[in-house]
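Input: structures, listed below.
In what comes next, chain A is part of two complexes: it sits with chain B in the first one and with chain C in the second one.
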Partner chain A sequence: MPETVLVIGGGPAGLEAARAIATIGGKALLVERRAVLGGTPDESNYAALTPRMGSAQEALDVLRAGVVDPNIDVRVETTVTGCSGSVGDFAVTLTGPAGETKEHVGAIVVATGFQHFDPGRETQMYGYYEYPDVITLPDAEKMLSEHRFVRPSTGEPPRNVAFIQCVGSRDRRLGNEYCSKVCCGVASKEAIEIRRLLPDTKVYIFYIDMRMYGYWENEIYWPAQEQYNVTYIRGIVTEIVGKDGRLLMKGEDTTMGRPLEVLMDMIVLSVGMEPSRGTRDVAGILGIEQNKYGFIATPGEPMDPVSTNVPGIYVAGAAAGPKDLEDTVGMAGAAAMRAVGAVRGLARSEAAVTR
Partner chain B sequence: MVLQARYADVPIEEKQRLFDQVKADERFESYLYGCYECGICVAACPSARFYDFSPRKIAQAASREDLPMFYEQLNDDIWNCSQCFSCTRCPRGNNPGGLITIMREVSINNGLTSAKNALEGYGRVVYKIMSTGTQVSPDMLQPNAFPDWGPHVQEISDNLALWRRALPPDTMHTTSTAWEVDDKTLTELYLIWHMTGVLDMIKQVDTGLHMILNDVMEELLEEAGFTPE
Partner chain C sequence: MPIPLNVLDTRREAREERGPAVPPTEDVREKVFELEAKGEWLVQRVPDPWIGVTTKYGRIKKIPIARTWHHKSCGQCGHIPGYSTAIFWLIRKLGLDYNDPKDQTSCTAWNYYASATSNQGAQAAVAMRNFGAAYESGYFPMIHCGTSYGHYKEVREELVHSAPLRDEVRRICDKLGKPFVMPEEIVHYSEWIYAMRDEFAKRRVLDLSSIDVTVHPACHYHKLVVEDAIYDPDVYGGQRTAVVSSVVTALGANVKDYSTWFDCCGFGFRHILVQRDFTRSFATLRKIDVMREEANPDVVLTHDTGCVTTLDQSQFAARAHKPNVGIPVMSEAQFAALAMGAHPYRVCQLHWHSTEYRPLLEKMGIDWRERWREFEDDLERLKKDDKAYLTWEDADA
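This part shows the complex of A and B:
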């Protein structure tokens, strides 16, 4: 029986899962679609991590160092293109630079992550593809990683900036009914960074609810409001129209009970999470259930957040739905434990039970 | 930030100047952190039950530095607060009532017409408390200032001494003080009014009252060796 666990995806969840598998004496085969490890935080130029502002690349380097191990076989530019068998003996087809190979693995950890919502996917209501000064959280992140924040249209620093929350989240019309969990924190973090870089720039955050759970409350939300004078206004913008080279946004200031029409230099759309292409593809190839949003289903929640509906296949991180990094890395450890248990015949063979 | 605001004719620089005075007050920092806009202060506020008044909006406008709204509040809202500080149950540690204290002081120090109007009815109360140390006296009421106290106030005021004598308990038959305050206490009291700037504030809203108070205080202060300066 193969002792190896296949880990699909080289982002934070996959890196930590592979490291954890090797740490407890198992063998991991880690495959990554891109040429480099690091996943979405790397691909989307994350600069400072929420909430503590530590460097994303330094944090990823720690995870990357964790998979330098004789018991971890790392294959980049490689994807899973076929799978058969069952727990204890899956036969998987990997397609990489050297062509197709067949591997036998005892269990699988899916760590294929998410992608940022595309604001042009269904609707152009915020003019993301029309106005250069309408950007997204990852666009802002890229600029902040270079320690600058300017209007793309002019190259000048903005006088005022507005974040619009819940773009592509909590929206029945779009089909993404869920909260993406991290955007409130990330927007507040970026707002702090903008205020640090540009002390004369006014920064507004337009929200439905601020969801700053746990310590994000006092580590991000309070400092943003109290020390950096970021202005939070409850109300979601209806539309943005260009006016005199600036952006006129229309909404309601709901707690003040009056309509609102303001000219902004820049608007940042706080885009949420959707299942990545890899998550959708891998779900089909492995034959595991997805939920109605396309994320990998975890029928054993709340007590078992890592088992899929197929015995021997586990999921870690944002492939299973919106996750912050703490949850992602925690899940990776749990998935690694379950997977190694499965290849050693220690795990219950039945699929996750709905509780 | 808003479409419409009252006092659109007042220049934004003036609104900024007054806001800066509020923000520069050393208490400001510990009276305002951030606002959840949760409304716990409004729920606790007795004034909010009877007036179109919201301590939440006071905190919000200050927090957002919304100058048009701040200026509206400075003129139209702050005198509706009863300064009971029930609003200090704020989960963020804000003190909207304290912000209003600062705003009232700024309003008076700048002689805003709204402050003069709001304080007009209190001339006699201010006079009593500043000259005698107690506002509680039979003649404390200005019959023209408190219509909500009923039509009999005028009638009673007109014949106050007579009503006073008609009361069964011993009232010393006085109408201007409730009890005797000794000169040492009064001297100290007058010094406090001078040294804390309260007299200067009175000057901004009521020059007549300021003059009368100065006259009343002069003799005792001079006896104690203090010159008007």
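This part shows the complex of A and C:
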């Protein structure tokens, strides 16, 4: 019986799951679609992590170092293209630079993550594909990682910037009724970074309601207002149009109960999370259930947030729904334990029967 | 690192790499066919040949080329008759078969949107009565009015999701002796114009390269049942409906942007009935003034009855104190017909429009004085002859 656990996805969840498997004496086969490990935080150029502003790349380097282990076989530019069998002996087909290979693994951890919501599908009129100065949280993150926050249309620093929250989240019309959990914190963090970089730039955050989980309230939300003078406005922005080379933002100030029209130099859309293409593809290949939003379903919740409906297949991180990094890494450890436990438990049972 | 100037192209490429997104709304057409399979109603198929166009979430909508049953607009026929005449003229120019029915009823949706009069059953029965009439004729319904079009799509949703409503309306149709039938697609005339725009471009006789156009997308076209409206990634990045704008571009004229494009024309249904000053102010201050200031167009094109009349006729009121207004307004059908050589009075009937349009005709290369003289001659002939109205033979004489 193969003891190896296949870990699909080389982002924070996959890296931590592989590391944890090796730590408890198991063997991991880690496959990653891209040529480098790091997942969405790397692909989307995350700069500073919320809430403590630590370097994202340094954090990823720690995770990457964790999989440099003789018990972890890392294969980049490799995807899973077929799967058969059951817990204890899954036969998986991997497609990589050397072509197709067949591997036998005892259990599988799915860590295929999320992708940022495409604001072109937003039912509001935000013009992401019309106006260069309408950007997304990851677009802003990329600029902040380069310490250069400017209007894409002119290369000049903006005089004012507005964040619009809940773009692609908490939207029944889109079918994304869920909160993506991290956007309020990330927007507030980016607002602080912009204020640090450009002290003369005014920064506004337009929100339905701010959702600052756990310690983020004190670590991000209040400092943004009290130390960095970020202005929070409860309101709904419905439309962005170009006017005089700037962006005219239209909507409603729901506290004051009146319409608003404000000219901005830049607007940042706080895009939420959706299942990545890899998550959708892998769910089909492995035959595991997805929930109504396309994330991997975890029917054992709340006490078992990592088991899928297929015995021996587990999920970690944002493949199972919106997660922050702390949740992701914690979930990866739990999935690793379950996966190794499933293989060893089965082996013990078979050994007992043989005796 | 320099900021790439092709930032929007890069975003679009990245969007394609993400793979197809799941549309956030159901495809109601699938439900329409499921109900047919259960024997609940008939489905009238889009006749061949048809053209596939892309709607907001990437689905394909079938637009029939010919054998169309023309559901006309009360406001077009009553206020701007050159609108529907131009549509028919375009169809005839392409040599296509169509049906101009005499037994179509008003959709009654203006009442509904203005004051919520009528009731759900009556509204749906009117729609199904008209669909039944189209089915009996063997021609496929094409809706001229944006409001009828949007309303019928809302009615389709209601009928699909409510068995009691279907039962009620089926009984009414039985009493009327009409078949209970839902068209495979609900098609607006501007979708047909969009689908046929290259055919018009081939037949264009005027050089429109100096004509600047602002487009007003009709609310009842793109804000009701939004997923069924036509979008094109190459038109405003796929963020605004592509109808009208694509036609302008195909004809060689220039689309000019303005910041209040998403706003209503001012018609507002209720406002035009009970608060007309609001309508007039909105149309001129929020739309025409802004267009003038930001784009200074030669003409405003739109694709619905209320929009043409409101944007056009409101300027008459504003002219009393604002000499700066005065942008001609017409439908894209009239504009395309003019580009293909249609008579501005016999066909497009611009004399029904209140804002000064003659400088536009001159800029388009149309000798309006000569065309008006011909039209006056027509009227003299009508007075002398037994003939009560001009015919298609007169239109292209």
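Following the convention adopted for this analysis, the second predicted complex is superposed on the first by the 342 of 355 C-alpha atoms of A that agree within 3 Å, B and C clash if a C-alpha of one lies under 4 Å from a C-alpha of the other, contacts with A are read in each partner's own complex, and residues count from 1 in each chain.
Heads up, the rule we're going with is that a residue touches a chain if its C-beta (ideal position, glycine included) is under 8 Å from a C-beta of that chain, and two chains touch if they have at least 3 such contacts.
What you are looking at is a predicted structure, and each value in this text was computed from that prediction instead of being measured.
S.K.: Clash or fit: chain B and chain C on chain A?
M.R.: fit
S.K.: Applying the document's definition of touching, compare chain B and chain C: which contacts more of chain A?
M.R.: Looking at chain B versus chain C, the one contacting more residues of chain A is C.
S.K.: Let me test your reading of the model: by the given contact rule, A:I285 touches which partner, first (chain B), second (chain C), both or neither?
M.R.: neither
S.K.: Of the two partner chains, chain B (first) and chain C (second), which one does A:A91 touch, if any: first, second, both, or neither?
M.R.: It touches nothing on chain B or chain C.
S.K.: Now for A:G294: first (chain B), second (chain C), both, or neither, which partner does it touch?
M.R.: second
S.K.: May I ask you to decide whether A:R148 touches chain B, chain C, both, or neither, giving the answer as first, second, both or neither?
M.R.: second
S.K.: Quick check for you: in the superposed arrangement, does A:V76 touch first (chain B), second (chain C), both or neither?
M.R.: A:V76: touches no partner chain.
S.K.: Just to be sure I read the superposition right, which of the two partners does A:E130 touch: chain B = first, chain C = second, or both, or neither?
M.R.: A:E130: touches chain C, not chain B.
S.K.: Roughly how many degrees, to the nearest 10, is the angle at chain A when you join its Cα centre to the Cα centres of chain B and chain C?
M.R.: 80
S.K.: After superposing the two complexes, find the smallest distance in angstrom between C-alpha atoms of chain B and C-alpha atoms of chain C.
M.R.: Minimum over all C-alpha pairs: 15 Å.
S.K.: Does any part of chain A touch chain B in one structure and chain C in the other, and if so which residues?
M.R.: none
S.K.: Across the complex, what residues on chain A touch chain C?
M.R.: So the residues of chain A touching chain C come out as 115, 118, 120-121, 123, 125-130, 132, 146, 148, 150, 152, 155, 173-176, 239, 241-244, 248, 277, 280, 294.
S.K.: Mind listing the chain B positions that touch chain A in their complex?
M.R.: Residues in contact with chain A: 1-4, 33-35, 37, 56-57, 60, 63-65, 69, 92.
S.K.: Would you pull the chain A residues touching chain B in the complex into a rising list?
M.R.: 221-222, 225-226, 229, 231-234, 253, 255-256, 258-262
S.K.: Mind listing the chain C positions that touch chain A in their complex?
M.R.: By the definition above, chain C touches chain A via 1-4, 7-8, 11-12, 15, 18-19, 21-22, 24-25, 57, 226, 233, 236-240, 257, 259-262, 294.
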